[in-house]
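This report refers to the structure that appears directly beneath it.
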Amino acid sequence: MIITMKKGAPQAEVDRIIEGLEAKGLSVTTIIGANYNVFGVVGDTTIVDEKLIGANQYVDSITRIAAPYKKVNRLFHPEDSVIDVSGVKVGGQEKIVVIGGPCSVEGEEQILEIAKGVKEAGATMLRGGAYKPRTSPYAFQGLGSEGIQYMVKAREATGLPIVSELMSEDKLDEFVEYVDLIQIGARNMQNFNLLKALGKVKKPVLLKRGLANTIEEWLMSAEYIMAGGNENVILCERGIRTFEKYTRNTLDLSVVPLVKQKSHLPIIIDPSHATGDWRLVESMSLAAIAAGADGLIIEVHNHPEQAWSDGAQSLKVDKFKTLIEKGRKIAQVIGREMD
Amino acid sequence: MIITMKKGAPQAEVDRIIEGLEAKGLSVTTIIGANYNVFGVVGDTTIVDEKLIGANQYVDSITRIAAPYKKVNRLFHPEDSVIDVSGVKVGGQEKIVVIGGPCSVEGEEQILEIAKGVKEAGATMLRGGAYKPRTSPYAFQGLGSEGIQYMVKAREATGLPIVSELMSEDKLDEFVEYVDLIQIGARNMQNFNLLKALGKVKKPVLLKRGLANTIEEWLMSAEYIMAGGNENVILCERGIRTFEKYTRNTLDLSVVPLVKQKSHLPIIIDPSHATGDWRLVESMSLAAIAAGADGLIIEVHNHPEQAWSDGAQSLKVDKFKTLIEKGRKIAQVIGREMD
Amino acid sequence: MIITMKKGAPQAEVDRIIEGLEAKGLSVTTIIGANYNVFGVVGDTTIVDEKLIGANQYVDSITRIAAPYKKVNRLFHPEDSVIDVSGVKVGGQEKIVVIGGPCSVEGEEQILEIAKGVKEAGATMLRGGAYKPRTSPYAFQGLGSEGIQYMVKAREATGLPIVSELMSEDKLDEFVEYVDLIQIGARNMQNFNLLKALGKVKKPVLLKRGLANTIEEWLMSAEYIMAGGNENVILCERGIRTFEKYTRNTLDLSVVPLVKQKSHLPIIIDPSHATGDWRLVESMSLAAIAAGADGLIIEVHNHPEQAWSDGAQSLKVDKFKTLIEKGRKIAQVIGREMD
Amino acid sequence: MIITMKKGAPQAEVDRIIEGLEAKGLSVTTIIGANYNVFGVVGDTTIVDEKLIGANQYVDSITRIAAPYKKVNRLFHPEDSVIDVSGVKVGGQEKIVVIGGPCSVEGEEQILEIAKGVKEAGATMLRGGAYKPRTSPYAFQGLGSEGIQYMVKAREATGLPIVSELMSEDKLDEFVEYVDLIQIGARNMQNFNLLKALGKVKKPVLLKRGLANTIEEWLMSAEYIMAGGNENVILCERGIRTFEKYTRNTLDLSVVPLVKQKSHLPIIIDPSHATGDWRLVESMSLAAIAAGADGLIIEVHNHPEQAWSDGAQSLKVDKFKTLIEKGRKIAQVIGREMD
């Protein structure tokens, strides 16, 4: 951590800051410049609150050198983490996973038909939303527990582990009992109470990046879950908000190699929500595999034009199958496998 | 609502969409262009899910003409709403309110001292965080219920209504009992379960704009609360995330006149979180008043350099007092009053 | 084009707008809603200035249905354009091109060595900056004409067509004489005088997307060049500016399939400027090929740590060669070839 | 400047970097951490190219402490600069200036009528575009030299200094001869050749912030002009590009106090282009004055609904007059004057 103080700072103020840092067991090196006094702080700076130091009127700026996360940091955990989702392994050199299914569970028949379709096409997990975060209070809000039970039936019928989004702590027990991979949506990435609750269970968590959150904030949210005791975290990029209007979000594929540098956690890509347009899903899926992603989560519907939500971004099963076939070949080029 | 379909769309597809809309009680007008067929849809289009229609492969684009919100819409509620916060009125031609206080409640003595200071300076409400949303799991997370009780004591000592942030539904009863104005932070603006729970109580809600949420999404979150039955919503702009790095966020003051066009709800400004720098707070506060804001929420601390959170953006009481004195004069110029 | 007027608009104002549109040869259909009067305007709406209509105080909003570009629009030119750069064909089903070379030409020996290296590795064109747009006036500004002449020598030695950035009209003659593909940098994407000048020559232009320009604005800049008479335009995505700080820019690969829907022009990707980090270049290059890009432009340097500019994002020749070898295999999977 | 190297870096690499820096006359202090070696570099670091150092594979990150600009830096020029525009002084404690006029000069009669109107309303300079940067090649491109001559006539008639936008170097002589304040538009903020040309003349320059440029980049563009020898630079904020869609741009008023901290140059605000909506111009103008701006530049038209460009954001003269009257009173509150 680097602290820059203005040249005219009274010595007493400078000393007070240095003593405060040393009292925390940190060591401080001074660099004298023409216009600033700069201090290098060495030790476990994750415990230092930079906003507190910044309140001193003589402090000009504070810069972190070391990352503020520990448990997610590859520096302290060099080998890849592999997360086991009810038998399907994600990360490291394991096979690239493909999670397929509808945005919303709409009924028993619908989810069973889609589950069989995506399995036949090559998917290794089934997704389906039962509790839906919707921008409008007048839009369909999901089937709730009924939807979860239909997902359970689809798992029984196909053997595919199931993935669904948890929106609040009060349903955590239900998810721990019935769901194989608990998805935390973009809008809840910094719902810290929910993250703390997830830290207390052992179920794998699929943590989506927030719409406008930096990679560092995303990793800090994973740190919340891991610091609580649950190390089963899979990251999921789903596009960020930018000024562009032709796509719903901007899919940031450079996070794949970058997250793999910074962290040991697996990372998968959601091209459906990122683009909001099924016509872009195949090419973005192939690009994600080429970039080194550990998996894909893709919206698939039997009748997209009759879907109750997000039909515009859902693939039909046949197109999903073609995508997987091409994806397998891309995977081979970069030395990975895919079912 | 305008629906654009590609020229080559089979008549059966076109008919199916028109029939679907008419079945919902909407009327459809057709416009034939050289390259597109365009349909104008008239009626209560808030019930139409545009993503569903967009799933049709012949649909090129869908554009809403009418706003997707109803209860927050000034079109259907032309007069300004005035929200009563335990006797302090916010909005319309009422006095401009100033909410002052620390980021976090740190102890009984601290909050009492600050409460007396901000009251003496001219504040009409007291803010103080007891449950704190922090990016890092290693940072101070707030005093919780203890902090709320210290706030209650500060209210007893000064008579100032108290404002504090609610982070999850399980504390709602506590807030309804003890807090005068329930703040929903930027990170929870789209925590829809929390919004629904707030719709069931009558306490006033201070709804902060999300870091990267559009004005429309913000108004839709207010709509969630109002649609649930709680019409006591005050909006609060606190800066949005942009590419700029010299300020923590970019304070968007144009939302003040814009929100007043679109909605009848009061809007206040938080210059402390927006800028992240106490040196910018006074000028942004005066600018907010000049722009027509119904109030300000400002971080004030007795010892910012020893604060447990966000010291860098907190004013000392004397500077806060100066700000209020100047603010009163600006208010007069635009025909408003301020205590 | 859809024009929405407020309900209370005087009939005379409504009539005046309709007459103005009809006088331009457009036809107008009226849709009456409960709260708005909506008009659908059919015909060549590229000639209508929406800001002019928006100045009418009774107009609520204006929405374009048809794209504002014509010559770049795939609707009117369904087959892919193939651009011939001194014998190297770009676009359609032609081979994927790889343009390699240093950020800046630093001397004759340097550019010759790199040119031979990239050719041997598989590149089909050579890049090198002679006129450099630098944020700081104190940074190296390029060798100018001397640099162009070294590029010419490198072309003579290797046979590779050369690509270099033009920063102002006064050097256009020099570029037309010596350069094979004229690059327009992100900062000049909306330097309209320069675009007009390029419209008057026949040389192929590599038009980079601006740092914060929408796809529509980018296509409009291509339209400027084509409307002037030069149809040889190749688009190049190089990352957009977002809030993320771990990468220099955010590479938006979804533009590849999207631009191919909207336009017939070829599109290539610059992963070096997008990421600003050589460690991310290989995976982003492979992703770009998988996404369907028509080519890559990559910074390669013999001694990146001694480069005069942008060393941090330059690959060494051996890594560049490995990248091309993997890229060829990805190209095959999606049915394309690459030298 | 702080350089962070990975722990495993070979001593030879470390030494090579340190020697390189010392050879430039800089002094280097070493800080040893558990996971990194950190170096503090003291001296004139504006001459160091961080990208060059970043190319070393053992370098993890580089952070600047000192600002990269010198001539615009308040640190080396503590007193406010006051720029004289043909007798009208801008900056410091001078009167707040108001520049009014149409987006485009459309004819002699139009500009004369508006010039008289804005003067009568209280404006101290006249704006008017003769060369227009337009997104579409099919939109009105301005009257060119003819427009400049009409501006000259308007100056003769009213005595108001004239402001107009220069788009390319080849018209610089014309502007130096006829225009009082040369405006550089947002799209040309990083047209470095144009900035260099401006450095060689003495005419005052109004440098608009780019659509997506940071404050630091903006100050660096001012540095280009000043480093060339022209110290007469006035900065102008005109809104930045964000995800918000209800306004054309997001007006960032916090730049006013921030720029005044970092630099001694005057700063004015353009609320017309920032918002794109005349209904927001008055409140944003008053806010700008309250924030401490040295001036305003506002679009005014006699017949906005017939304007050839940007009518939607133009005020009529009577509203412009009301705005100035209110602005004067706001100016008094903060201790400034306004004509």
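Observations on the structure shown:
First chain written, first letter: the chains are A, B, C and D, and each begins at residue 1.
Keep in mind that, in the parts below, contacts are C-beta pairs under 8 Å (C-beta built on N, C-alpha and C of every residue); 3 or more make two chains touch, one makes a residue touch a chain.
Since this is a predicted model, take the numbers as computed values, not measurements.
Greatest centre-to-centre distance from chain A is found for D, with centres as Cα means. C-beta contact counts were set side by side for C-D and B-C; C-D has more. Distance from the chain A centre to the chain C centre is 31 Å, each centre being the mean of its Cα atoms. Look at where the CA atoms of chain B average out and do the same for chain C: the two points lie 39 Å apart. Rounded to a whole number, the gap between the C-alpha centres of chain C and chain D is 26 angstrom. Multi-chain contact residues of chain D (touching two or more other chains) are listed as 212, 241-243, 245.
Those residues of chain A lying in contact with chain B across their complex are 46-47, 49, 51-52, 54-57, 68, 133-140, 167-170, 187-188, 190-196, 211-212, 217, 220, 223-224, 227-228, 241, 278, 301, 304-314. Chain B meets chain C in the complex at residues 2, 4, 29, 31-36, 38, 40, 42-43, 61, 63, 65-66, 75, 212, 241-243, 245.
Residues 212, 214-216, 240, 242-247, 250-254, 256-258, 261-262, 274-275, 279-280, 283-284, 286-292, 326, 329-330, 333-334 of chain A are the ones that touch chain C when the two sit in their complex.
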